[in-house]
Amino acid sequence: MPDETKPPASSPPEAEPKPTADKTVPLGGVKATTSGSVQSEAKSGEPGGVPLPGTPPTPDPGLAPPPTSPPLKAGSAPAAAGTPTAAAGTPAAKPAAPAKPAAPVPTAWNSPMVAKLKAQFGSGMEALTYLGQNYMTVDRSLIPEILQVLHNDEQFDYCVDVTAGHYPQREKKEFDVIWILYSYARNERIRVKTQIGDGESIPSSVPIWPAANWLEREVYDMFGIKFDGHPDMKRILLPEGWKGHPLRKDYGILQQDNEWVQINLGIESGQ
Amino acid sequence: MTEPTSSLSHLDVEEREKPFLDANELVINMGPQHPATHGVLRVILRLDGEKVLGLECVIGYLHRGVEKIAENRTYAMFNPYVDRMDYVAAVSNGLGYCEAVEKLLGVEAPPRAQHVRVILTELNRLTSHQLWLGTHALDIGAITPLFYTFRDREEILKIFEKYCGARLTTHAFRIGGLQYETYDGFEKDVKNFLTFVAPKIDEYEELLTTNRIWVERTKGVGILSGQDCIALGVTGPVLRASGVKWDLRKAQPYANYKNFDFEIPVGQNGDTYDRYLVRMAEMRQSLRIIQQAVDALPEGPIMAKVPKVMKPPVGEVYHSIEAPKGELGYFIVSDGSTQPYRLRVRPPSFVNLQALDKMCRGQLVADVIAVIGTLDIVLGEVDR
Amino acid sequence: MLDYIKSYLTSNLTPGSAGNMFWAFVYIVVIFLGLSVAVIAMNWLERKILAHMQVRLGPMRVGPHGLLQPIADAIKLLLKEDIMPAEADGFVFWMAPIFVVLAAFTVFIVVPFGPTHAVTDMNIGVLFMLGVSSLSALGIVMAGWASNSHYPLIGALRSSAQMVSYEIAMGMAVISAVMMTSLNQQGTGTLSMIGIVQAQQAQGIWFIFKFFPLGLIAFFIFAVAMVAETNRAPFDLPEAESELTAGFHTEYSGFRWSLFFLAEYSAMIAVSSIAVTLWLGGWLRPFPNLLTGAKWDLFFFLFPGITFLFLAGMCFYSTVRMPKHPLFRIQTIGLAGFGVVLGLIGLILFIPAVRERVQDIYWFSMKVAAFMYLYIWYRGTFPRYRFDQLMKVGWKILLPMGLGVLILTAGVGLWPLIQQTIWNR
C-alpha cells in the first residue's frame, strides 16, 4: 500500500484553482476566459454560507491595505457578470465532501494592483482568491518579469517560499511552481503560480530574492525542476548521487528501497 | 524597507564561486559531528588563519521526507509527524498544521481550545528559547546557564506531560481543537510556573547580560541588517533584532492572539547581542501572554464539529504562524480526498540558515559558533 | 651511608642545597605522589564544585558521593585502546605528552612548601620556573602538529600564540615582585623562591599589600595571565570544546590523553604556587606580623588539625544522610571509614612535633587550594574569550599595566634613595 503515488483523485485536484491561462481545461464551461478579464461568481461574499475561517489573514490592526479582503466586500470593483450558475456549477465539479455545505470556491481577486498587472501583462495572468488568500496564476513566459515587477513596484520584498507541485495527469504542464510572497509594507501575502512541463526549466528568482536560493535548490531536489541562472543548482537535502526526485507522484519509494538493499546488502528487501 | 536589496543579491550570486587561490587557505570541515553545530549540520569553512573567507552548509543528514510522508497519510494521521520537525517547539508545529487544515476545512476551534492552544504554544516558545539560551551560552563557553535553563524548562515539560502525556513531541492539538480537556489544576500549575520562572529569567540575565566577556563575544558579531534579513527571508527573533518590528502574531493574528496584549521586542543593531536581548524580552512577553490567557480561560467545548473522516474541499491554502524560530508555514493542496495532495512546510530554520554565510564572512572561527547558536536552528526542521 | 642520610636531618637547608641526593630523591618521590593525588582530588573537586554551581549533583555513583570516580576514570583511561592516527608523525606524537608532563612536573623542584621543604633552592628559582613551565607550549605545538589534523593544528597555533603573549605580561608582574625583594632594608634582592618568601617575612608584609596598590595590581596581572598560561576558562581557546572539538589533544586518547590532563592540572598547581610564593607569603601563616602573640600562634597552630576534623565531620554528616538501603551499605561504611581516616589525620596534626613540621606545607597548600577553587569558579562563570580579544587583553591591557607597575614599583622603591641623594646632599 505505501507504494509510491496516490492514484490521481477522481477529478484533477487543481480543478478550480486552475488558471486557464492559455485555454487549458475549460472546466465544464463555467469559466469563460474573457480576454484576460476577470470572471467571478456572484455570491462571492459568503461562499456557500460557510463561515470564514477564524483568522482571515488580512485584517491587521492599522495596516489594513486596500487590495485584500475581497470576500468581505463582495464584488467590489469591476465584478463582471455575476452568473449564478457559477456558484452552483463549481462545487458540482468537485467530488468530495458530500455532507458539507457547498465548499468555498475561488473567486476573482480584484485590486488596483491586479488591474495594473493586468494592464501590463494582459491575458497571461489571472488573479483569484480562495479562503481569503490571494493568488495569481501566470504564464510561464511572464515569470521573471512579473516577479521583478512584484518585487520592485509592488513591494513584495519577502519571498516566503518557493515550492512546486506535481500533477502527472496534466498534459505537458505537469508542474506547478509556486512563489509565496509577502510584502512587509502592505502586510499582504500572495501566491504566484505557474505551470511548466517536465524537463523544462524556469528562470531563477535568486537575483530578485536571495532567499530563494535554497528554496529553489530544494524544488530541484524534490521535483527536478531546474532554475536557470541559479548560482548553485544542485541537490540540497538528498545526497549528490540520489536517483529520482522524491516528491514527484511517480517516484517509487519501495522500488528505491528494494534497489538499495539489493545493491548494498545483496539480499531481497523484506518490505 | 521598500528599497530593493540588490547589493546583497550580487554578493551572494557573484562572489560565491569566486575561487580562493590563496595557498594559505585552510579548509575545515565542521560537523556533521561537532559539538557546536546543534545536531548534524555540516559547515565547510574556508579559513585564512582564523578568519572565515567563506562557508558552505551541507544539510540533509536528518532528512526524513516529511512532505512525502504527508501525501501518504490522512490529515489526522500526519499530525504527529509535524512534531518531529522542530522537536524543541513541537507544540508550535502542531498549532500551525492544525490551523492550516482547519482553514482548509472551514472550521474554527472553540474559544477554550484557542486559549489552551495559546497557553501551550507560548509555554513551548519559552522552552525553545530556554534551550536556545542554554546551548548558545554553552557554545560561547559559559557552561552554567545551560543547567539553569534546563532546570526551568523541566517545569514546562512537566506541564506538557501532565496535559498530554508527552514531554517533547507532544501532539497536543487536534484538527478542530483539542483532544484532551485540561487536567485538574492545570491553571494552578501554569500560574505557579509563571511566578516561578519570572525571577529565573532575571537570573539568566544576571549571568550574561552585563558579563563583559559575553558582551564582547556577541556585540558586533554576525550583523545582519534589516534589509539583509528581508532579502534573505530571515524571520523570527533574528529579523526583529535587526529592527524590523514584525511578528505574525501581530501582523496577521492567528489563533486568538489578537485578544492579548503584548509587545514585539525589537533590537537595533542586528548583532548577536541584540538577538540575545530580543529573545530574552520575548520570553517575558510570552509570560505576559500566558498570564492573560490563563486568567481569561473560558469554559466551553474544546472541539469544533469536525467530521470523522476529513475530506477538505478541493483547494489550497497557505497558513503560517510565528514559531519560536520564525515564520512556520504550511502550504496544503487538497484534492478532496482524505490525504493531502501536496503538503509543503516552510521551515523557518531552513530559510534562516541561509544567512549563515552572509553573517560569518570576515569573522573568526569562534564567531561562526556564536552565529550558528544565535540563528537558533533545529536540524530536524532544516532537513525535515 | 646511614650517616649520609642522617646528616641532612640537622641541616636547615633544602636537600638540593645541602647536596644530599638521597633526601632530594625522597622529596621528588613525595612531591610526585602528592601531586598525583592532588590532581585526582582536584578532578573530583572540580566536578563536584562545578556541579553544585550548576544545580546538579555531579558524580554520585562510583563510591560515596563519587569519591572513587577519578580512580575509575584513571583505570578506564589506562585500559583504553591507544589510537594513533595513521597520518600522524609517530615520534613527535609520542613525545608530545611526555614533554608536556615533564615540563609540568619539573617546575616543582623549586616550589617551596616550607623553608626547607623543597627539592632544591636555586638562586634563579623564579627564572627556572617560568622557563620550564613555558616549555609546555612546545609540547602542545608538537601535539598539534604531529596529529596531522586541522583542529589540533589550530588549537596548537592558538596555544603557542597565547602562551607567548601572556608570558610577557606575566614576566612584568613577576619582575615587579622580585624587585620588591630587593627593596628591603638589607638591600639584597633575590630570585630564589625561598628567598622571596623570606624577604616577605623579613619585611613583615606580603607583597600583595606592598606599595599599595602596586603589589595588588601586579598580583592581578599575574592572576589573569596564569589562567591564560594554563589554558583554562575563560582562556581555554586551545581546547575550546565548542569550536575545536578538543583542540590540540583532539587526536589523543587513553593514556596519552590522560598525560595531557595530568599536565594541565599540575601546571595549574605550579603557577598557583608561583603566585602564592611571590605575593601571598608562601608558607607563612596569615598576618604573621599583625596577629602576633602566643594566643594567635596557638590559634593558627590549631588550623591544620581542625581542617581535617572538619572534613571528617562532613564525612560523618554525609554518612548519616546516606540512604538507608542495603545497596548503599558498602558505600556508607566506606564513607565512614574515610571520615575516620581524616579524623585520625586531624588528631595526629594536633601533636606539636608533627604540627611544627607540617604547618608550613599546610598553609602553602591552603593558599594554592584557594587558587584552584578560583579556577573552578571561573570555569563555571565566564564565557570564553575570542582569540583576537584574548590577544587584545594580553597585549593592550595587561602588558602596559605590567610595564607601568614595574616602573612605578621601581620608582617608589627608589624614592627613599632619591630623597637621600637629592635633598639631603
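Here the chain labels run A, B and C in written order, and each chain numbers its own residues starting at 1.
Keep this in mind: a contact is a pair of C-beta atoms (placed from the backbone, for glycine too) under 8 Å apart; a residue touches a chain by one contact, two chains touch by 3 or more.
In this text, all values refer to a predicted model and were calculated from it rather than measured experimentally.
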{"item": "Pair sharing more residue contacts (C-beta pairs) when B-C is set against A-B", "value": "A-B"}
{"item": "Maximum centroid distance from subunit B, chain identifier (CA atoms)", "value": "C"}
{"item": "Identifier of the chain whose CA centre is least distant from the whole-structure CA centre", "value": "B"}
{"item": "Centroid spacing, where centroids are CA-atom means, of subunit A and subunit C in whole angstrom", "value": "69"}
{"item": "Chain centre separation (subunit B, subunit C; CA means) in Å", "value": "46"}
{"item": "Centroid spacing, where centroids are CA-atom means, of subunit A and subunit B in whole angstrom", "value": "26"}
{"item": "Residue list for subunit B, restricted to those that touch at least two other chains", "value": "none"}
{"item": "Contacts with 2+ other chains: residues of subunit C", "value": "none"}
{"item": "Subunit C residues touching subunit B - in the complex, by the definition given at the top", "value": "50, 53-56, 150-151, 154, 158, 233-234, 236-237, 240-245, 379-389"}
{"item": "Of subunit A, residues touching subunit B in the complex", "value": "2, 6, 8-17, 50-55, 57-58, 60-61, 63, 91, 94-97, 99-100, 103-104, 106, 130-131, 133, 151-152, 155, 157-161, 163, 165-166, 178, 180, 184-185, 187, 189, 191, 206-215, 218, 222, 231-232, 235-239, 246-247, 251, 253"}
{"item": "Interfacial residue positions of subunit B with respect to subunit A in the complex", "value": "1-2, 4-5, 8-9, 12-13, 16-17, 59-60, 63, 65, 67-68, 71-72, 99, 102-104, 106-109, 114, 230-234, 244, 246, 250-256, 258, 307, 311-318, 320, 327, 329, 331, 333-337, 339, 341-342, 344, 346, 350-351, 353-354, 383-384"}
{"item": "Complex contact set, residues of subunit B against subunit C", "value": "26, 28-29, 34-36, 50, 137-144, 146-148, 151, 207-208, 211, 213-214, 216-217, 364-367, 369"}
